[in-house]
């Protein structure tokens, strides 16, 4: 009786954080392997200056690092307000980790093809980021809907999770722009990283505006 | 006197969890190296579309990721009910980690040979999975027999550990099917992942059925 | 009201330590991949002695290992006195991790070019280390200025953070020396590692000297 | 006054455990990259059976895995009785991690040269293991001498640390045997792993024998 409803019994967030931290830390560190690979692929007699003939690998390394760091910071904040996880959450979280794990691959594509096929390379990166924002939205919505968030933080979390919903549409727009430009999506992603570098401030600003708005009516 | 019986004195589960989480996290993230390797192996003038001539690497990446994630989730649940570990358990657990560490290799075999020798590649993957289920069964049986499980959870754990016993035979069957088909074992593993995506629900269902059955008699 | 001032609300240091530990641990372990790569690049018939024709890879491996270990030990000490982090600190810390992640690359450059272009290879390593010391200084100054340090340790921390300020100028000097020598910067870095192998002792010596100095006046 | 004596002020063991666990976990998982590399080096038309022409890579993988797992288990036990660490211990521990990090390299040498130059390949592995046992002895002796071990466990630890002293001489003997045989050192290492698979039992047996001995006199 009722045994199925309890199937999602909860546990603390510490071990899922440890596993996720491991995946984030490895994905972010693996990026350097592409630079090392470039080093070994240099012609033997070329000399050290051959390292600086192409700027794309360094650009891609930096983009990949910032991308994963922003994801980690937002993951950090999203789980900070949660007090427990259920088995379903392990899967929603696993989907995000899947996309984070793929990021070194889309970054390597950027490094290799930004010179020759910039729009296509940018679009692949953008698709990855659209999926990441969908899965970030799923994490927050799931945690909110299943009451995994601490009671005292529910009101804030309701506003907080909105920013990931907005991000989906923003990233879809950036993806569309890849069809005619590579500068516009780059600027858009730079702005996005700036906004999501401090997700709490943004969420507080939304919360504040919504209260002020209600008070005004 | 009696010093040998105490040789298996116990310690908390936190450090074995941290080490295991590290191994799981690295094994799951290393999978992407195969995609990156495929990227670098592309002919220079081929262009970005060469990335999509073969679907096997992506299929193998996804299979490998889900395989290791399912293992991690079940490892998570199996250790959740334990309050201590002994030295013997470190070795039983080490055997599972050995097989998890091999998984990126069997997955790379899938990616490389699924096109040309699908049944053999599938069989190698299946052998790995049979061994994983044997070692998952060993973990639970060992923890139960050595009273490493919390007293209050022993009754549930007795039912819980059954699912890994069943899984051995199920996976052996899937392995046999590799001799004449590759579709059947794929469907069987998909069903398996679905069932073990939420091992607690299944264990509760077994526990419930066994109680109902006894009551009926 | 005042919601923006609180935008940097604080959290404990455990998760940022776990993530940073992961990055340090992976960066330090990835160094071995360069030795393994050298092994596979040996001509098949050359035999095992071919492994010892070049000492540079082993030198670079050791330098890279000690570099990252010294960084980790200092990171460990710097965070030991902190009781909380804010979002800004995640970014200052992220900058250090970025540079730590690059270290296996600058180390690989050392291994490859120390024979042919020693000064340039050494200079690249030195630039990396100047940036690391700037970012270590930033971590300590930020933590001190934003009151993330435990109240009881503030006095000690004020002296402690000085050593990273000094290190910037010391490393800049070492970088300059790369233009005419490779021995001098090597000796300078060896001395630096010795000093920063036990940052607390140095900080205590500075604290002691400053107190004695004041008393004397 | 006395500020220098306190220079080795202590901290808990949790963060050094996390960092060490990371290094162990990564070193043990990197071993699989050698198997994957072998897979990619196979001739394209050779087929899957080419994977089984050589047994050395699998042997080396297993040896490397067991080696690092035994190190981790003994590290686990050695730190279990410690309540604090000082800065010097971070360096003694760092030396062990250095040798653990090298293990995938000596293992790769085994895989590559066990067929052609078995004694030399075995000797390199044995040198690595001699150094590991010296550094394990250093860890225990340092922890005991600097009173980092919990008071209640000091008596047991005094016996416990002896086993790593014995291991140094045992491994030196195994190294010498590499000059005329490869079977003898293999058997010796197998026995060693068996003994150190449960270091507490062995330490208890030594403690028991020493007490019985004293009583008899």
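The chains carry the letters A, B, C and D, assigned in the order they are written, with residues numbered from 1 in each.
The rule is short, and it goes like this: a contact is a pair of C-beta atoms (placed from the backbone, for glycine too) under 8 Å apart; a residue touches a chain by one contact, two chains touch by 3 or more.
Bear in mind the structure is a predicted one, so any value in this text is a computation, not a measurement.
K.L.:
Of all the other chains, whose mean CA position lies farthest from subunit D?
P.N.:
Comparing chain centres, A lies farthest from subunit D.
K.L.:
How would you label the subunit B and subunit D contact, same or different, if same means the shared numbers make up over half of all numbers there?
P.N.:
Counting shared over all numbers used gives less than one half: different.
K.L.:
Using CA atoms for the superposition, what rotation angle relates subunit A to subunit C, in steps of 5 degrees?
P.N.:
90
K.L.:
Just the number, please: Cα centre separation of subunit B and subunit D in whole Å.
P.N.:
Centre separation, subunit B to subunit D: 27 Å.
K.L.:
How many Å are there between the centre of subunit A and the centre of subunit D, using C-alpha atoms for each centre?
P.N.:
For subunit A versus subunit D, the centre distance works out to 38 Å.
K.L.:
Residues touching two or more other chains, restricted to subunit B: which are they?
P.N.:
18, 21-22, 25-26, 30, 33
K.L.:
Show me the residue ranges of subunit C that touch subunit D in the complex, using the header's touch definition.
P.N.:
17-18, 21-22, 24-26, 28-33, 35-36, 39-40, 47-48, 51, 61-62, 65, 69, 72-73, 76-77, 80, 197-201, 204-205, 207-208
K.L.:
Okay, in this complex, where on subunit C does subunit A touch?
P.N.:
Contact set of subunit C toward subunit A: 3-4, 6-7, 9, 11, 15-16, 18-19, 21-23, 25-27, 30, 33-34, 37, 87-88, 90-91, 94, 97-98, 101-102, 104-105, 108-109, 112-113, 116-117, 120-121, 124.
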